[in-house]
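The letters A, B, C, D and E name the chains in turn, as written, and every chain counts its residues from 1.
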Amino acid sequence: MRFAKLWQMVIMTKSPSEGWVSRLLRDGLPVAVMLAATLLIWYIGAVWMNASGAIERVLPHDSPWNWQDLLAATLDMQRPVLPAPHQVALDFWSSLVDWPIDSPRNLLFHVAVTAESTLWGFVLGTLLGLVLAVLIVHSRTLDRALLPWIVASQTVPVLAIAPIVLVILGSLGFSGLAPKAVIAMYLCFFPVTVAMVQGLRSPQRIETEMMHTYAANWWQSLWLLRLPASLPFLFPALRVGIAAGLVGAMVAELPTGAVAGLGARLLTGSYYGNTVQIWSALVMSALLGLALTMAVAGVERLVLRRRGGQT
Amino acid sequence: MNNPDNLSIISQLSPPAGGRLAVEIRKASVVYQTADSPVHALENIDLNIREGEFVSLIGPSGCGKTTLMRVIADLEHISAGQVLVNGVSPHEARLARAYGYVFQAPALFPWRTVLANVTLPLQIQGRTKADSKVIAMAHLERVGLQGFEGKYPWQLSGGMQQRVSIARALSFEPKILMMDEPFGALDEITRDRLNEQLQQLWQRERRTVVFVTHSIAEAVYLSTKIVVMSPRPGRIVKVIDSPLPDERHLGLRDTTEFIQVAHEVREALADGHHD
Amino acid sequence: MNNPDNLSIISQLSPPAGGRLAVEIRKASVVYQTADSPVHALENIDLNIREGEFVSLIGPSGCGKTTLMRVIADLEHISAGQVLVNGVSPHEARLARAYGYVFQAPALFPWRTVLANVTLPLQIQGRTKADSKVIAMAHLERVGLQGFEGKYPWQLSGGMQQRVSIARALSFEPKILMMDEPFGALDEITRDRLNEQLQQLWQRERRTVVFVTHSIAEAVYLSTKIVVMSPRPGRIVKVIDSPLPDERHLGLRDTTEFIQVAHEVREALADGHHD
Amino acid sequence: ADKVTVQLKWLPQAQFAGYYVAQSKGYYKEAGLDVTIKPGGPDISPVQVIAGNGADVVVNWMPDALAAREAGVPLVNIAQVFNQSGLMLTCKKSSGVSSPKDFKGKTLGVWYGGNEYPFLNWMAKLGYKPGTDIKILKQGFNVDPLLQNQAACISTMIYNEYWQVVDAGVKESDLVTFFYEKEGVASLEDGLYVMEAKLKDPAFVARMGKFLKATFKGWNDAVKDPAGAAKIVVAADMSGSASEKVQQRQMENVAKLITNAGTAKIGYLEPAAFERTVKVLLAAGSSPVIKKDPGKAAYTHAVWDAAAK
Amino acid sequence: MKPQLTKTLLFVLACLMGAVLLMMQPAALGQLPEGTVPAGMFWLATAILGALAMQSVRWMAALDGGRLVGMATAALFGVWIVYFWQLLVVAFDVPRVLLPPPSLIVQAIGEHGGILWDDFVQTVLKAVLIGWAMGSGLGFLVAVAIDRQPFLQRGLLPLASLTSTIPLVAVAPIAVMWFGFEWPSKAAVVVLMTFFPMLVSTLAGLKASGKLERELMYSYAASYSRTLLALRLPAALPFIFGALKVNATLALIGAIVAEFFGSPTSGLGFRISTEASRMNMPLVWSAIVVAAITGSVAYAVLVQFERRAAFWHPSVRGA
């Protein structure tokens, strides 16, 4: 019961008075139409892009075939350039129901692996981002010396040097989850730092001066004014951050031996020429990304509600 | 350099008769360093404020009213001269929580309820939760906001918000109440009502109040002493001791006595307003 | 439902004697649909504004002054009743560029110079560049801003910005000038000066002006007709035709005649102010 | 038990069946070893891993290992599992390639990361200048460039990628293949390498000896029973992508590269084969893999001898 | 203010001199005889220099002055980082395949300047620039096009957020399959990565103009296109530039990573991946340095453009 209520609060997007039917119509209908359009384009694209491959490898060379054969062939290829939506859906579904949840052939198994390193990276990255932001706001030295380098740090293609990072961390004794979490963290912390620097500085002068007239100390100003004021900045950054962390975690899976996880699944799909598998892993990673950002958005809503529902 | 000296005589002519000095300002100057040229926000200011006085600062934009308030509140440092608050430096006075400051905007924290906003300074002073709550509720009642303590600031009208801000400034019982255009953003009717309430509050408690306003009527209605300032550089043009009785009501504003004082203030303002 | 009928008699009692009707409002209502309950922003409003009149709307916050202005300016639709501007619907009047609107904030485009801001409506009307510039310069001079045409808005003080906004509204010579608390954010001295300039402008050109203010003094000083409104639901409490002479100066404000009208307005306000 | 970590060169597949079989059948445990098998992948350089102390022994190809030696990571070959090269160039007939002289003007897919040197050597021999006479593309992990006709030929392994092309629907009769072994540019592939410094420790040598012995036992089993090996490999694949059918076929082909399986010579590095590889590598056109002959220090039979005992 | 400046500069100079002296020690040059470790004195000197370096940055930061001082502080900080990287990597004898000292990286940049230039041309001038311009441009145009269609917006934006969570590692192999191994496939990845941030930002930017300003235009009976040009696009500029800046780094990273999945034989990503597996770490790091400098310069250039174009915005004019 409590859970149901909580869940309702999480998924609630508009004021409760608005009927869910009208909400569904207003928000759901456009999405449904766009989805349908996407599917249609996808099918057309599948036929279009697979045609030459089908003619070359699938359709008989010696006997005649008509366009229906071609159509059927393009939508049911072993190694399509673009698999048809129903192929992906079937593969996706069968991976979920045909295998036990702890089997490496079940996508949820990989979701769990990737989500774990993503979440660790997210938590660590958020903490790092918070600490850096507090330090930067606190110290002019760090503001001037560090902030430009934090921006520059993001122009280093971490994804490109993930293998090196992994080896270096490995030589320091970190292996398994840790290096993946570190790379996810590297991508996570930046948006948090930038937003929090902005957020911690968002209190107007009048507000900081008010705290000054109360003779509040640094810690009290931080805790009572700066942190609460920065929450509206923090949450959008967290949403960006967790998506970035997912990318980091998946990339980091490749050089860890691609043992398990959605990134590994993508890689091996590509390696074994299993295009359909790539696409269902891709769909799954997009869904995971959506779920994670929605979870953050849910927490945001709960927190903002606790402080009165407005920012 | 003779003009200010001239003027300072005025304030020195009214000696600290009726009580101890709450604020003592001697030859204070404030110069802001800006990119192109220094701004003389205050020049050679002399001013005494006795305990229990209601002093209004009035003058055109940029004449240094806010700066003067900020100097007293230790939010700004003087470039020359001396300032004493309750006999000590503004810094010590601030640490001793000698004053409450009400800004032009209510500056309430939107993530805190009305009650939590009022308890904020108490919490910072280390009072217990229960204590703070009792005190805060008492002050909310005093400004007529009982029943609203659970609301969030944006659920209140502008006038109510400003009253919360006043309750907050009063809550830790500061000796001095500093108010910088507290009613500037309100409509005239609400403003009148708050003026009346502020008057009654001052009647009851006789705290020292330093008040900034742009409205002549407001200054005359509220104050026992009106300080008229002029800009570039910021200085005091005239200090007018109000002949009005201490007990006041809004109807007073249509009396000739009131109009007389208002006229005097307007003339002083026009004198100082030379651009 | 009888009360408004009652009140509407007042405005019907003053027939369109001295000129054609610029604005004609008959039994107009505006209801906002909100999440919980509908807000009756305006209810059964009757109002005639003749050409060349200077009409002030005054009343407590939320009484519908802005809504009324917006209805006339075709920024809001009425839920019931009828509104005519220059004899046509507000929509047609807007397309015919019948009015200039001055908002409470200056609403200048920060990426345009002062001059470019003023020429904007002229350009939209399809005037040539050279033409627009000549007209804009003339209007900038009229509000005392010659020499500032090359500056950007943020390089001006609040009062100067508001004057730019007025020059912009005047520049395309609209028959009606709508001003929604144009001086609300300014200090009293600057405000006085702009009031004086506005008065002189109206003297010279006798445009129809609809003006919203919170200040009784301002309303009395400027208007030929003062419309006092009250909230929940928004309605007209009283329409006061000013007995003051058309030619006015700031000194007028200390006369008994002025104080008399101000008193009348204040009383009407207090009547409508029931909360 | 003694801990041993082995870093593979590629994803878990039958190419490494010997190790998985030895692990699965408990041969390592019997030898008193606790072996960790780290799978590789496209972004894993076994050399970096062993230099970063992430493994005791790595599976690597000789060009890569000798290049690492020159770059300051002194790897030493302790055993050569594959005594034949499985590397080949696979072309579509339809692209107009039927012999090496048809390469001119064509796009050829090549694996980088050390594997390009034998190829460049070959092209140098044929007299082609990369970039002008032929166009080279850095091939990814799969055979798409050939299927999408983006390249006339691509690099494949006889035990793996070649069959992926076939599985994709291209008939074997439509393909032309060039084996490096036959073109005389082959270099030694999967071998076991350790850091030189560690070999000074007799205990390490003994441990590796036990490791080799158990590993060879695993390889012998795998070669004998490809189906069983495939099952074990599939079970070890945590990505859930490997299939038994594919792995069994791979194992059957890998078996052809271990011609000495089942004999006492399994895993023995023939000095002559080593010399041949070095020669190929030293002569790779304008930029040879290695600039100087590493000499006999680059391999040792000490561990193999210990295992043979 | 002036003496403060001189004092700081002198101190920085003294620190740098000390740094040069320390760098000339055998331990710092890696010239210690095989098997010996640097002496305690060396570590002591290093620690003291570290403290001095921190102090010098602190003083530099405390100077009054605008962006120039800020840049100088950041530069000084960077110099110290590189310096201690060099010192410690050599002194600890960290294997070159793990982390090469900066000196070797600089040397590699010098030696392989030609190669790196080719890589730069291949990756940055072709894939990144074209992809970035196309992706951002397309995002902008689509945003303007669907600005008037709330239905399309409500339908597209959730899909956009869904798409934006697709990791580029998944897209890159598909792009190579579809568009070939040359730069168009990299550009395609970049287009996909940059399209949605620009779309979303521009849509937000077009909504950023104040209600008052929009009503002003309405009261002038201004046309849709007029309002767009005179009001809404200028007001959207800060948002558009924000997206351009984010996209610049995204594009660079995207193109480089995409090159891992098949490429011609040049390009920064190609260089990084092939040289890494060849243990040529100095060259790998050279390519990374080229990428990082490119990204930072692009960012800085965009900031300059923004200062010109959105000169009126409070964040630019420093109000």
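Assume a residue touches a chain if its C-beta (ideal position, glycine included) is under 8 Å from a C-beta of that chain, and two chains touch if they have at least 3 such contacts.
Composition by chain, UniProt nomenclature: A, E = ABC transmembrane type-1 domain-containing protein; B, C = Bicarbonate transport ATP-binding protein CmpD.
Since we're looking at a predicted model, the values are computed, not measured.
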Exercise. Tell me which chains count as touching both chain D and chain E.
Key: A
Quiz item: Higher C-beta contact count, A-D or C-E?
Solution: A-D
Self-check item: Chain whose Cα centroid lies at the greatest distance from that of chain B
Solution: D
Practice problem: Calculate how many whole Å lie between the centre of chain A and the centre of chain D, each centre taken as the average of the chain's C-alpha atoms. | Solution: 36
Quiz item: In whole angstrom, what separates the CA-based centres of chain C and chain D?
Solution: 86
Quiz prompt | Centre-of-Cα separation between chain D and chain B, whole angstrom | solution = 85
Self-check item: Interchain centroid distance [CA atoms averaged], chain C/chain E, Å
Solution: 52
Exercise. List, in ascending order, every residue of chain B touching at least 2 other chains.
Key: none
Quiz prompt | Sites on chain A at which at least two other chains make contact | solution = 81, 163-164, 167-168, 171, 254, 267, 270
Quiz prompt | Two or more partner chains touched - positions in chain E | solution = 98, 173, 177, 260-261, 273, 276
Practice problem: Name, in rising order, each residue of chain C that touches chain B in their complex. | Solution: 60-61, 157, 159, 187-190, 214-216, 254, 259, 263, 269-270, 273
Quiz item: For chain E, which residues are in contact with chain A within the complex?
Solution: 57-58, 60-62, 69-71, 73-74, 76-78, 81, 98-99, 151-156, 158-159, 161-171, 173-174, 177-178, 249, 252-253, 256-257, 260-261, 268-269, 272-273, 276, 281, 284, 288, 291-292, 294-296, 299
Practice problem: Would you tell me which residues of chain C are touching chain E in their complex? | Solution: 73-75, 94-95, 97, 99-101, 103, 105, 107, 109-111, 120-121, 124-125, 152, 154
Quiz item: Where on chain E is chain C touching in the complex?
Solution: 210, 212-213, 215-222, 226, 230-231, 234, 310-314, 317, 319
Exercise. Spell out the residues on chain E that touch chain D in their complex, using ranges where they run on.
Key: 95-98, 173, 176-177, 180-181, 259-265, 270, 273-274, 276-280
